[in-house]
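What follows is chain A paired twice: with chain B in the first complex and chain C in the second.
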Partner chain A sequence: MSFATRGFSGRRREPDTRLPPGQTLVQDWPVLSAGPTPHVDTADWEFTIRDETGAEHRWSWDELLALGVEDVTVDIHCVTHWSRLDMDWRGVSLDKVFENVESEHEYVMAHSYGGYTTNIPLEDLLDGKAWIATEADGGPLDPEHGGPARLLVPHLYFWKSAKWLRGLTMMPDNDPGFWEQYGYHLYGDPWKEERYW
Partner chain B sequence: MSAEPMTPVRASRPRPAWHVATVVETRRETPTAARLVLDVPTWPGSEAGSHVDLRLTAPDGYQASRSYSIASSTPAGTTAEPPAGQVVLAIDELPDGEVSPFLVREVRPGDQLELHGPLGAFFVWRPGESDRPVQLIAGGSGVVPLYAMAAAHGAADDAARFRLLYSARTPADVFFADELTALAGPAFGLDLVYTREAPDGWPDAVGRLTRETLAARTIPAAERPRVYVCGSTGFVEAVARWLQELGHAAADIHTERFGGL
Partner chain C sequence: MTDHLDGNVLAGALSEVFTGDVTAARARCGGCGRMSVMAEAMVYTNAPGLVARCAGCDQVLATIVDTGDRLILSLAGLTAIELRR
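On to the complex of A and B.
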C-alpha cells in the first residue's frame, strides 16, 4: 500500500543487506524500559532456572562466570526501528546453563529484577543462539542497559533480550510476557517485521 | 521467583494497522519543533499516551520509519475533541536527523504519509480507571504523551487530581504552552522548571531539575500518585531514581524515553 510522500528522498546511503526491513543504523545505544532501572549488586545477584517439577537450578554471579565467558559479536535490532551492527558483547552461552536442566517444556518465560517478563521458545535459546550477557562495548553492562546481566537473543527483536535477568521458568505453552501482553509480537523476528500482533 | 501482577489489557483495544494520513495543518510549536495535525479517516481512536510508527517512502522505494508519541487521544466510544479521525503529533527536530527535519521543515497541508498504530497500551492514562492522583513529569519534548493525558483528563472532567512538572530549556521551548495554561486549575497543577532561561521576574532559580525541586513540586509519595515520566534517558534515569528515594514504589512509576533516532 506504500506510496511516496511528496518531497521525501531520505538520506542517501548504500543499501545495507544486514539491516532488516524498517530498521535504521545507529552508532549510539538508545535506552527503552517501562519503569525505573533496578540496581542489583553482583554480590546479591542470583540466577535461577525453574523446571516443571518446581526444581530450581541456581547460580551465583561467580558460579555463572565459572561456566565460561565467551566473546560474541552480533547485530541487534530494536522494535523501535534502530539497529546496531557488529556489537561486541561478552557472556555465558545458554547451552552451558541448560546443560544439566531436564525439561519437557518447549517455552521459557524470562524474569527480570524489577518485574519485567518476556516469553521465548526454548529452541531459540539453545545451539549457540543466546547468551547471558555480562559485558558490552568493552566493559561491564551498565544498569540502564540491563546490568549486571541481561539475556542476549540477537536474532529476535531486542525486547526479548530481557534486562536485569534473574531467572527462566520453563512453561508448557507460549504464554505472553510483559510487552507481549501489551500488543507486541509473541515471537518477534526482525526479518519478518514481527513487531506487533 | 514470584509471579508479577499484570494489569489486564482491555480486550477492546484496537489492533494496530497501517493507515493513510493526510496533513491538515502544520504549525511551529517551538523554535525546533512543529505540530502536525493529520486527517486519518480509518483511525480507530487511541488512548492518551500511546504512539505511532510513521513511515515515509521516497520515489525510489526507500523507506524510513520512526516512532512518535501522539499528542491527542480519542478513546473509543466517546465524542472527544479532536474527532476520532484526527491525530496530532508534535515533532522535535533532531540535529542530523533523517525524518524529523523533513517533518518539521518540509511537510505541508495535503501531503500524505503512512501511520502504523495505535501502539502502546502500557504508558497510557484512561479516564475513569482510578481515583488515584496522577503526577506527570516531562523533560523537553517528552511532554507530548503527557500533554495528551492532561488534555484527556480535562476533556473527561475526571475526578483524579493531576499535576505536571515540566522541565523546558526556555519559555519559547514549551510545547502546548497555551493549551497547558488553559488546562491549569484546581484539578490540574502546572509547574514549570526552566533550565536555560526563564521569563522576566521568574521567582525560581534557572537550572537543571534537582531532587529538591522534584520533591517540592510533585504530589508526595504518601498520596500514592501514579507517576508518568517521559524525556531523555538521562532525565528519566535521574527522575525515576529520585522518585524511589522519595518513597514512590517502582511499580507506580511509568517511564518512556525518546531514543536516538
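On to the complex of A and C.
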C-alpha cells in the first residue's frame, strides 16, 4: 500500500538542478556595487578593445548596436549566494565584437567606467558564451545595474559581468582584476564554487 | 539614495584583526595624500566585500572579504595607518 501512504507524506521537493551549490533562488535583482555609480550617456559612451600592438578598436554606441543585437535568456549566479533563472537580456555577442580583432594573447582585462576591472580568459568570451548587454528584464539597463552597457558572462560568477563596460585589454597572462586581487577566485566557476582564493 | 556608509561600519570586521579601534586611527590615502580617520572613509557594503574609499578622491583605501573561515584584508590603498597603543 505504499502508493496510498505516499500522498500523506507530502511531495518532496527535488533540488533544483539549475542552482549551483551554495546558491539561493531570488526573484528580484539585488544591486551590488564597490563604488559610486557612473552615469554615462550613450552619446558619450565608447567601447575599446586594445590589443598587444597597442592598436585600439573602437565602437560608438550606434556602431556597437549595428553589429547586431540578440535576445538572450540565461541564469545568473552571484558569488554572494543569490541566483536568478531564465533572466531576459539583449546584447551584442562578443563573437561579433572580436570578428576583426587579431591577438595572440589568451586573456582579457575588462575595464569599466568608474575604474572597476575583472580578468577573463578570452575563450570564455567567445563561441556564444558572452555578450555586451544593453537591456535586461525588457528595458534598457539602469545605471545601478551597469547601464548603459555591461559585460554578460553568465557561466561565471556575476562579478565577472563587469558593469559600465568601457573596454577590453588583451593580456598575455591571467592578471587579477579588482575582486580577484582582493580575495576572489581568479576564474569563478559557480558549479565548482570557485568563490575565493 | 546613499549607496555607501561611513567608516564606522568597518569596526566589527577590523576588531577581529586589530586590538585597537581602527576606525579612530588616522591614515593617509595613497592616492591624494589626504590624512583622515578611517571613520571618515566611504564604505560600500552592498558588494562582495567591504570597500572603503577615500572621502577626498574615491581611491580604494581598504577592502575586507569575509570567506567564512578567513578574512582577506587589503590596506593597499593606504600609504600608512597610525595605530595607537
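Everything that follows uses one rule, which is that the second predicted complex is superposed on the first by the 183 of 197 C-alpha atoms of A that agree within 3 Å, B and C clash if a C-alpha of one lies under 4 Å from a C-alpha of the other, contacts with A are read in each partner's own complex, and residues count from 1 in each chain.
By definition in this document, a contact is a pair of C-beta atoms (placed from the backbone, for glycine too) under 8 Å apart; a residue touches a chain by one contact, two chains touch by 3 or more.
As the structure is a computational prediction, the values presented were derived from the model and not from experiment.
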item	value
Superposition-derived comparison: chain B or chain C, residues of chain A touched	B
Partner chain in contact with A:35 - chain B first, chain C second, else both or neither	both
First (chain B), second (chain C), both or neither touched by A:159	second
First (chain B), second (chain C), both or neither touched by A:181	both
Partner chain(s) touched by A:196 [first = chain B, second = chain C, both, neither]	both
Which superposed partner A:80 touches (first chain B, second chain C, both, neither)	both
On chain A, positions contacted by chain B and by chain C	30-37, 80, 179, 181-183, 195-197
Of all residues in chain A, those that touch chain B in their complex	1-11, 22, 24, 26, 28-38, 48, 50, 78, 80-82, 111, 114-115, 117, 144, 166-167, 169, 178-179, 181-183, 195-197
Chain A-touching residues of chain B, taken from the complex the two chains share	1, 4, 6, 9, 13, 15-16, 18, 20, 53, 55-59, 61-67, 98, 102, 106-107, 111-114, 116, 119-123, 233, 237, 240-241, 243-244, 250-251, 253-255, 257, 259-261
Chain C partner contacts - residues on chain A that touch it in the complex	30-37, 79-80, 159, 179, 181-184, 195-197
Touching residues (chain side chain C, partner chain A) in the complex	3-4, 44, 46-49, 51, 53, 58, 60, 63, 65, 67, 70, 72, 74
